[in-house]
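You will see chain A twice below: alongside chain B first, and alongside chain C after that.
Up next is the complex of A and B:
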């Protein structure tokens, strides 16, 4: 009984870790720009596909270049492919910023317009992926996690090794992000811009550069999530990231808009809530997750750890 | 006002291709179009790929068939593929497009859930439909113009349960898992559970998943606590591949029976070595030794060296073949002369239902309601190659059915099947 509960909790924590990564991606951009980057789900998909390709995976029959893949000597082991794919996804996120956000920002456009342009950029990216890679599912090359057993026993609970890896990488990424934001010069500058962009600019901080940094890190986190989900459950298609993007959005609201600890807590809460729904009632899983979101927002309208917004008049 | 309405009616009639006369052979527009709506995108795309190959091979085979001396010229056919996606709306849009463009007949859509939405449109417009992969109860009963070359689940699915119980007669603990928001999965699991009940077995657990799920550790955890000896799965291909892989990774070593959703070699790269040993009932065997199947096998292997064709490819070939043969029979009798496209569609449907066909599936024909009558079904076991990236469906059992595959009744369309 205890083993089963532990197994369920570990599963929930691993899933929640990925939700937290995506929610943190949203949080970084929201903090500095006050808008949500709806292209993040598509960047999640991109990260998954890039990881696959960097590991030497080949494009399938329905892709633009059937059978093409990196020559085997250039194929990277999974950890390196994951990191490089996250970096490349971060760079793609910069392109999204340049295409979908920068022109509007220069014109001081309404926040609602960012929603449309980022959604458009995301859809374009997903369709581009479909054109290049085909719509079929991709499983990561056999031996992606060579050396790891298929499953490990933790406190009597049997859990897939890849889930442990997923949990560990998510925890490490969240820790690294927190340390960077708290203790590095650039992290503190980013927080200053998030707090008050005008004052930060007066203090000599290049807010445009900080914004680009937020997009870079945000895309990197989404790409990391995509690579981890890809190795865990394969890539069912270019739309794989959309579902995670939506969950990340819910987690963002649950944790509190713009709150880094809130995104982490929200992600874990959402993952655990889903895991605790019995299989017989799995049809209610999403409903339960969103019921929790609803209940939290009723009790705490600014989310679990969100700050109360005071409008000055 | 009356003049306006009359003018609009005339315009509308002129826009409807069903009112136009079929051009004689030899004229530039003498070729008739067979439209195919298959899932090239979305979560059913794995089936669509196999179907596209089957249709393409059948078209090449038909185009290359030599004319016997004295035979009248053949009616040329064009095959027009449209992506039906994996949802109802895309399939409906593709059906509408092809009908509006003047398709003589349609093949598809890939999923039964789509068929329940799109087939009524073809039925209303009088366009013959041959379903290559819909296995749900009630598909041909949607209407006179709807038929299928895919035997329904209720005939095939129980065979794999029988094989699993033959291998281990001491099985007492069976777990069932299916996608509850997928019509095919919900229909097939009922058939599986009925087959289990008929063998005196009640599932120790019935776990439900969602169509879009790919992480199954939570239901698997619940299943493994009950220590089943047999797990029976009804989900679609990508999810099924992931489910089997996770089931094995988490330590399940018993037998696995899967449904028609996993009847594609495209699952191999997903579940890899963990696919090995799963049992699946099939409507096609590459080992059927008939001239048409040998031809099909040869053409398939020319395009896919070292691989055997999956059931869904053979069914797609058969769908094109029955339409091609029905068209040519009708043509030989001068059946298209002076007909409008609408009349040609109706004549083709009658011809289709009246014919007997020697296909890669074996000899088949149709009941009057469009339901398939097929003689033999098979149970295969997946055997993966040592590398774990590819494998084959190895035949382990053949069942001969002498009765039609379905009673000629018209049940209310139940939401089901692939």
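Up next is the complex of A and C:
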């Protein structure tokens, strides 16, 4: 009984870790720019597909280049593929910034327009993936995690080692991000821009460069999430990231917009809550995150750990 | 290339655009329209297929009066739901409201997918038809759009519409002027839901089948794009945006696989190229002046 519960909780924490990655991706851009990058879900998909391709996976019969895959000598082992895919997704995120954000920013457009352009960019990316890779699902090549045992035993509970890996990578990424934001020169500069862009610029911080950095890291986190979900479950299709993007949005608001600890706590909370939904009601699981979000918004309109916004007149 | 079926779809797009526009006219970014659209459509699909009193024939026909009743009921159910939900969510501001309404859309979608009587992933099919061909739906769709347009046009001179504009420009100042901002926002929200619910009921009959996919996050964004690309300053904007953007994927069909990418690029570039939308305030003013001249019977230049 206890073993089963422990198993469920660890699974929940692993999924929650991925939600937290996505939510942190939103948080980084939101804290600097004050808008939500709705293309993040599509970048999540891109990360999954890039990881698959970099590992030497072949394109399906419905793709643009049926049967093509990286020639074997170039295929990378999973850890390298994951990191490289996250990096490439970060670069794609810079492209999104360039086409969907910077034209509007230059003319101080109203925030509503960013919502449309970023979603347009996301839709374009997802449909491009569908065109190139086909609409069907992809399972990662067998032996992706050849070095690892199938399951490990923790406190009497058998846990799929891929879940442990997921949790470990998410924890490492979150830790690295926190250390970077708190202690490095560029991380502090980023926080300064988030606090007050004008003052930061007066102090000699290049706020445009910081914004691009935020997009790079944010896209990288989403890409990392996509690769991890791909290896632990599979890629059910190019829309995979949209669902995670929406859950990440729920987590973001649950934790409070712009709050890093809030995003992490919210992600874990959401993952655990979903894991505790009994099997018979699994169809309703996808609604749980949004039901929680709804309840939290009504009780605490600024999220669990969000700062109270004081409106100045 | 544009047949009657596509014309009906375009009118449905225009109706949904107006539904997103209404809360926006009171300054509220609500993406709840697909939820109310789905609720109205589901109710209509359930009633028409399984309520014998509506008189659906064995050949799959439906009396016109029953069809109109179902449109009304779809709107009423969506409106009542909006009245309940609106009191709660309209306390939220800006992006929080947008995300809460996205949450509502997802909850409704999962509910329709999982409720025991809504047909699961397949949905409800074989919905009785009040008209033998797609052309028959043109008249009710146009009628609904004319009604919605008339209401929006009336709003511009009515105290309620003025109050909505005031809340949009500055909610705090509007409150200080003695406007009951909560009531104004709620009214706009409910009007939007009634329109979306009736549109859903119409669409369910027109499509002949209805499932949970009809109201999802993607559709929410596409509908918002109708408003933004058409222009958010007048109800004519979402009508133009809804007509054009619904037709576009069909018109792009010859392009083949890339058409959805192109469609997404239009959504992406629209706000960059036309930040005020296609129906800009300057264009609307010129249209308004033309209208005045026509009223006075003067020859147009």
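By definition in this document, the second predicted complex is superposed on the first by the 312 of 313 C-alpha atoms of A that agree within 3 Å, B and C clash if a C-alpha of one lies under 4 Å from a C-alpha of the other, contacts with A are read in each partner's own complex, and residues count from 1 in each chain.
In this section, a residue touches a chain if its C-beta (ideal position, glycine included) is under 8 Å from a C-beta of that chain, and two chains touch if they have at least 3 such contacts.
Remember, predicted model here, so these are calculated numbers, not experimental data.
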Who does A:137 touch here: chain B (first), chain C (second), both, or neither?
first
Touching partner for A:298 - first (chain B), second (chain C), both, neither:
second
Contacts of A:283 with chain B and chain C, given as first, second, both or neither
both
Contacts for A:115 in the overlay, against chain B (first) and chain C (second): which applies, first, second, both or neither?
second
Classify the contacts of A:271 with the two partner chains as first (chain B alone), second (chain C alone), both, or neither.
neither
Which partner does A:48 contact after superposing on A: first (chain B), second (chain C), both, neither?
neither
Pick one for A:56: touches chain B only (first), chain C only (second), both, or neither.
neither
Would you sort A:257 into first (chain B), second (chain C), both or neither based on which partner it touches?
second
Touching both chain C and chain B, counted on chain A across the two superposed complexes:
130, 283, 286
Looking at the complex, which residues from chain A come into contact with chain B?
4, 7-8, 11, 15, 61-62, 130, 134-139, 142, 150-151, 158-160, 163, 232-234, 236-237, 243, 274-275, 277-283, 285-286
Flag every residue of chain B that touches chain A in the complex, lowest number first.
40-43, 45-46, 49, 177, 180-181, 205-210, 212-215, 217-219, 221-225, 237-239, 241-242, 246, 248-251, 266, 269-273, 387-389
Chain A residues touching chain C in their complex are 35-36, 38, 99-100, 103-104, 107, 109, 111-113, 115-117, 119-124, 126-128, 130-131, 242, 246, 249-250, 253, 257, 283-284, 286-287, 290-291, 293-294, 297-298, 301, 311, 313
Sites on chain C touched by chain A in the complex:
29, 88-89, 91-96, 98-100, 102-104, 106-107, 110-111, 113-114, 172, 217-218, 221, 224-225, 228-229, 232, 257-258, 260-261, 263-272, 275
